[in-house]
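For clarity, chains are labelled A, B, C, D, E and F in written order, and residue numbers in each chain start from 1.
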Amino acid sequence: MNENMNQYLEKASVLIEALPYIQRFNRKIIVIKYGGSAMVDEELKKKVIEDVTLLKLVGFKPIIVHGGGKEISKWVEKVGMEPKFINGLRVTDEDTMEVAEMVLGKVNKSLVQLVEELGVRAIGISGKDGGLLKVEKKYSNGEDIGFVGDVKKVNADILYDLLEKDFLPIICPIGLDDEYNTYNINADDAACAIARAVKAEKLAFLTDIEGVYKNPEDPKTLISELTVKEAKKLISDGYIGGGMLPKLNNCIEAIENGVSRVHILDGRIPHCVLLEIFTNKGIGTAILDGEESKYYHGEQ
Amino acid sequence: MNENMNQYLEKASVLIEALPYIQRFNRKIIVIKYGGSAMVDEELKKKVIEDVTLLKLVGFKPIIVHGGGKEISKWVEKVGMEPKFINGLRVTDEDTMEVAEMVLGKVNKSLVQLVEELGVRAIGISGKDGGLLKVEKKYSNGEDIGFVGDVKKVNADILYDLLEKDFLPIICPIGLDDEYNTYNINADDAACAIARAVKAEKLAFLTDIEGVYKNPEDPKTLISELTVKEAKKLISDGYIGGGMLPKLNNCIEAIENGVSRVHILDGRIPHCVLLEIFTNKGIGTAILDGEESKYYHGEQ
Amino acid sequence: MNENMNQYLEKASVLIEALPYIQRFNRKIIVIKYGGSAMVDEELKKKVIEDVTLLKLVGFKPIIVHGGGKEISKWVEKVGMEPKFINGLRVTDEDTMEVAEMVLGKVNKSLVQLVEELGVRAIGISGKDGGLLKVEKKYSNGEDIGFVGDVKKVNADILYDLLEKDFLPIICPIGLDDEYNTYNINADDAACAIARAVKAEKLAFLTDIEGVYKNPEDPKTLISELTVKEAKKLISDGYIGGGMLPKLNNCIEAIENGVSRVHILDGRIPHCVLLEIFTNKGIGTAILDGEESKYYHGEQ
Amino acid sequence: MNENMNQYLEKASVLIEALPYIQRFNRKIIVIKYGGSAMVDEELKKKVIEDVTLLKLVGFKPIIVHGGGKEISKWVEKVGMEPKFINGLRVTDEDTMEVAEMVLGKVNKSLVQLVEELGVRAIGISGKDGGLLKVEKKYSNGEDIGFVGDVKKVNADILYDLLEKDFLPIICPIGLDDEYNTYNINADDAACAIARAVKAEKLAFLTDIEGVYKNPEDPKTLISELTVKEAKKLISDGYIGGGMLPKLNNCIEAIENGVSRVHILDGRIPHCVLLEIFTNKGIGTAILDGEESKYYHGEQ
Amino acid sequence: MNENMNQYLEKASVLIEALPYIQRFNRKIIVIKYGGSAMVDEELKKKVIEDVTLLKLVGFKPIIVHGGGKEISKWVEKVGMEPKFINGLRVTDEDTMEVAEMVLGKVNKSLVQLVEELGVRAIGISGKDGGLLKVEKKYSNGEDIGFVGDVKKVNADILYDLLEKDFLPIICPIGLDDEYNTYNINADDAACAIARAVKAEKLAFLTDIEGVYKNPEDPKTLISELTVKEAKKLISDGYIGGGMLPKLNNCIEAIENGVSRVHILDGRIPHCVLLEIFTNKGIGTAILDGEESKYYHGEQ
Amino acid sequence: MNENMNQYLEKASVLIEALPYIQRFNRKIIVIKYGGSAMVDEELKKKVIEDVTLLKLVGFKPIIVHGGGKEISKWVEKVGMEPKFINGLRVTDEDTMEVAEMVLGKVNKSLVQLVEELGVRAIGISGKDGGLLKVEKKYSNGEDIGFVGDVKKVNADILYDLLEKDFLPIICPIGLDDEYNTYNINADDAACAIARAVKAEKLAFLTDIEGVYKNPEDPKTLISELTVKEAKKLISDGYIGGGMLPKLNNCIEAIENGVSRVHILDGRIPHCVLLEIFTNKGIGTAILDGEESKYYHGEQ
């Protein structure tokens, strides 16, 4: 057997290693919150889409929820609008909302395009389609920050119908309130609400950090696995701050509402979605149910 | 029986008059090309949506195809882009295409929103979703006018699947070529291609004129019904010009490819869609198959 | 816009007004007890059938239950049979039952014929078909009045199967007891039992009075809405008598067994069924669940 | 093994003998024209119903078509109507038609009742239900004999739908013309038209004679099997006369339109339907396709 | 009516007598444990298969579970293996298991062949296929007797899927443990476990005795019906011994787990399965639920 | 990014490379003739089963057809039977057939067991089950060689039904003739007949040679791709001999009957099935339709 063949055999063994994972998630719904660097860097973007498309093809039922990130700011500026702020928070007035919806729509279709290019049936919708996301106005410490909403109700049937027709749904986080006004929703919140509504097997957040640290200053304190109980303890002990706090709260809420496992992945690693699912040693931080995690024992 | 009751009875008789029409189009697909004034005037817009929603509720299967009209120009200007022209035609370069897609997306979701408000399940997609519209580059007298495409293939299964799941599909005319580049499509062309692909019972164009005239200068020469044969004669005799020529050619092509009946409606009349379908004397001009129309006898 | 057009637009607005009602009852079962003048007067008959056919076409699931009314007496006489009475009640002996079944069958098929004429799929059955209505012998104050039965069991599957196959079921109130003898059933009772068995959204009785009065002598005391609680109070206070008493008891029983709303309609008003369903101000008396009705406040 | 056991074993062997027949007709449609003595004699009636019910239970799909026979004449007289005749044929005027429909309806439900009694789901319909039988007026040698019709169209979907829902359809031969007038149809004609429309595996006529004779005077000339070719020869040679002629023509027409086998059975023999199907040597006369029958060789 | 005809009519009446039984078991699952003489004698074998095939054709859902009986011993000897025994029980070592599986496979396909010959779709599987039977090692009074297992779990979906596709499943009692080792299962135990898992209407054991006796020495003490309560009393009173004890325990367990009726049949009687199901006076002993049986009153 | 991560990324890229292949064969039927060394060597066996199981899990529809190879000879000897030969060919008399069926059954279930172990639903059947393979006796140059048959008819519905229920069918090549005698079938022939009947996308033969050579003595003359036309030329030119001749004829016949591509694979290479399907450069020899192959140009 020559060298070439050896290389082939290695390939075969990688595929065979995937067997138990393919089995475990067969026909299971996996919600991926797509954002951060993985959405800016064209190389990373392509790789995330390849990952999700593969999941679809081997029998999983992935759903992508994405934000618009820096693109929105760019276009708000481009059309010459004056940003307004309250308490340091950007206010989403009607004009801003209009631009945000346009940009999110554009991003949405560009993701559809990438998936279609790989030969998989994608459909890009917002929370308006089929009344998928019903929202209520959100206030920031009592202040009106405009058309920013919290998800009040997810019409899961829409997603079940699209999955049954073999679509890969790609969702942008816009919704309607009871008076049918348009609202922007935080993409993390939307992904979490959707994962809960469809009782997803897995919810994965693509972020720009390696995972949850006990001490963000010290990379060696990265936590690979956390139970809800441990996560709450970390929070109450004041270890978690910044953008991680709402994200971790989302994770906890998801687990407590029927999602089996939530992952905070480092979107800067190519194929991070695939690596998390198809290799033994996951990457990033996993949040799960139960009393005590296998990998986290306080001293980490 | 008092006066009030008389009024009620008149209402009842209007509903009863609708019976045979409801029956005739039960479970039939009706494609509506939505554009022109009916898309600008908020009152007219609301009425068109009410009409289409009613069609859906009484058992028809309407599909809306819309353009972006003046909104695209407005936003191209807003972001400070310089329009380019060749042979007097606007060139759709990559930047223009980007803005056009954003605007069409926004219009698309605003229509979804209006239908949802009336309690009907809408889904807004572009020709990218599910690979609905495959296009090839179009040239204007041999000149490159950028990302403007002709529909090469319609993936009708996507529409059948969405109709089966009881969605009202709202489509914006954007498609992908074989290299997965984004193209703009003339909305009339897209509506015509879609109607042909799904063998629609009816295709209705909402326009800003009353219909086809023998002599556009003389309103009394409005033609209420035309066979394909008669339409071709009118064209070869030089009676048809301007924007009506491509529209009428679209109509002919649709009929010749299995659509039962095409209508050129005056979108400036409120509820024109309903009036056309639910009253004896249609409005606008109908194009149909056959040798000779009942209403058109040369001298009209 | 000329006068003609105005008329058309009014028509359109009537259709549009129907939108929310069509939505509310979409795919809901509505049982109509058909009898009285509306069954004798050919004009009224035609209008009732038009109404029900329209309900079917716009997506409701109507079921008609009818009696034979004066036709039975006419034919009993025609064949030269001697009517027998006990306590002033007609006795349904075997011969009378035979004639009654023949007449009800004839009426049944004449209704099927009218519905078919309007292009809708009707099927006329009795409680014998598929064992739809199982009865037990009924006594009048302990006296044997022959083959008159109370419904003991409704085989609702028969109706679900016929509705699934898109039939409009038209039912005549005849059933079998455990020994498979033929029994006549009061049409009101049959309609009530069927509405309960299929958990109908609405049960409407077509009668020859305007509705329930507090004082039948005074037309101004017509009650437009009654809760079950209020209805029971009216009965115990002695306001309800004559043929209205069993009818109102039927209404109460229906509501208490899962029917959402029961109506006593004046069948002498043309299109009363349509008017009740498609206009804001219902006609006749509605009986519904709950503590206190909106329209009935004691002094009415 | 005692005597009793021997008896049981004989029973078992009868059931086992039925095996190949049950297999052959599994899920096949069998149309039975029910009439003659088998409809008058209560004992025979019960046995026919038992036979057909058994066919249903072992997996066949029987359909009964029945006439009203002598019952119609009895009731026409009973209500004191004057019979009218043209060319010696009874004229079916509107009044006669009304009585005929009532009587057929009564007979129809009495058959439903017998089948239900044996625990099988029956549904009794006429050609009006679901527009099953469309007719056109029939003339007798150019003379108007009233509401007597020929079947013009059978809406077979109605029967497929009812069979799919596991009903045993029992049909009385009444139909509607294009103006929705009620017509009486000869039951043999109706059965033949229905068998052709559903491409029945078998069509069996229950009659009051033993079968087709070459010489009706000589019982030894009973023919057990006839090909269409042989039947036509018998007719052209003048051997067939009286009521047998239209019946045999019906048989020929059925075979030529896709029915596999037609039987003329002696309805006076108890369980004749079962005997024909479950025993080697059929009873009565079978008409089938092909050149030459096995049993008929001219000299019979 | 001649003699021949009388004979035919008797046949018809036997078929008609079967009507209520066919009805009662329509679409019900019946598990038949096939073994003993009925598997050795070619005549008896043919008759059992005819019986089961008939059950299938008339709409029941039979499942056959069979053992290998004396064939296994014959082949173990044939290949020259030395039988090993512990406590007088044969030990199923790996080699014996291999031969047993081969023999059971052969018997399995021979039964498939017989059923197919009668024109019915059979499928022969073991407890390995689709993971039908999961077992755990069984010990005999603490002694290791090799690869002999108890059924731990039945994957009933496999059987539902095969029945839905109209197969007659024929099962040989082999299963896998959690480490995927092959185990032999007692056929009675396997039949009982399967009947419980699919909530069979009936479970019938074909044995080489007439049924349960109060006193095995006295044939007059054969018990035709036993409640579970009565069976337990018989056991605790010491009346039941030998091979009947585990069999009767199996019966009790089956009834207590949802099987409606269990039968111990004398497989030496031809067509015993048919006789049990299609005649009033069953043969053998029936075990059923409830307090007191109709036929067993202590003194039997 | 550390070394470990690099390794992971390589794994990810292998999976991603599989994307287009997974897509191409999604829901396509692939028939694998399993035999030779790959069935003897336990390591190779495990790898073949892993390969096929993976194909199943990623959405292909594999069907395994296997022989018994050397096991049959071993057991024939074990039971002390004297082999008979005609023209140097082993004669399959009744006793040999019995042993062969037992051995093939054993092999069949051992494969089922291996697939089940990997968590996939397998079902092991022979050509007897559901009448899958109908055979006719085969003669060797006019000599009777016993129960050896040619496939006359494949009942493909059996396989479609099992695939629909998500089974992986594993088939041993035994069939029945019209008199329901048992016959042995050459496994290559059976695989070929099955692939043709189900219009397989691919048929792969696992053999003990590298592929087709122009000159078997010279390994450099291995042909990687052959059109049917080229294969026929090679045969007529006398390049193909020995066991390869019937195999190549099978390949040609398969292609000419609707199978898209046939492969002769070297079963001695671990994971040869996976390598063939998931890598660009196939292994072994591919036979396909068309005029001229890409890789074979005479001089190879």
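To be clear about the criterion, a residue touches a chain if its C-beta (ideal position, glycine included) is under 8 Å from a C-beta of that chain, and two chains touch if they have at least 3 such contacts.
What you see is a predicted model, and the numbers here were worked out from it, not measured in a lab.
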Joint neighbours (subunit B and subunit F) are A
Give me the fewest steps it takes to get from subunit A to subunit D if each step has to go to a chain it touches.
-> 3
Using mean C-alpha positions as chain centres, tell me how far subunit A is from subunit E in Å, no decimals.
-> 55
So, what's the distance in Å between the C-alpha centres of subunit E and subunit D?
-> 44
Can you check how far apart subunit C and subunit F are, centre to centre, with Cα atoms defining each centre and the answer in Å?
-> 69
What parts of subunit C, by residue number, touch at least two of the other chains?
-> none
So what shape is it, when you link every pair of chains that touch: line, ring, star, complete or other?
-> ring
Direction subunit E, origin subunit D - full chain order round the ring | D, E, F, A, B, C
Hey, which residues of subunit B end up touching subunit C in the complex?
-> 1, 5, 8-20, 22-23, 26, 47, 50-51, 53-54, 57-59, 118-120, 269-271, 274-275, 278-279
For the subunit E and subunit F complex, residues of the former touching the latter | 75, 78-80, 98, 101-103, 105-106, 108-109, 112-113, 116-117, 121-126, 128-131, 158, 161-162, 164-165, 167, 174, 176, 180, 182
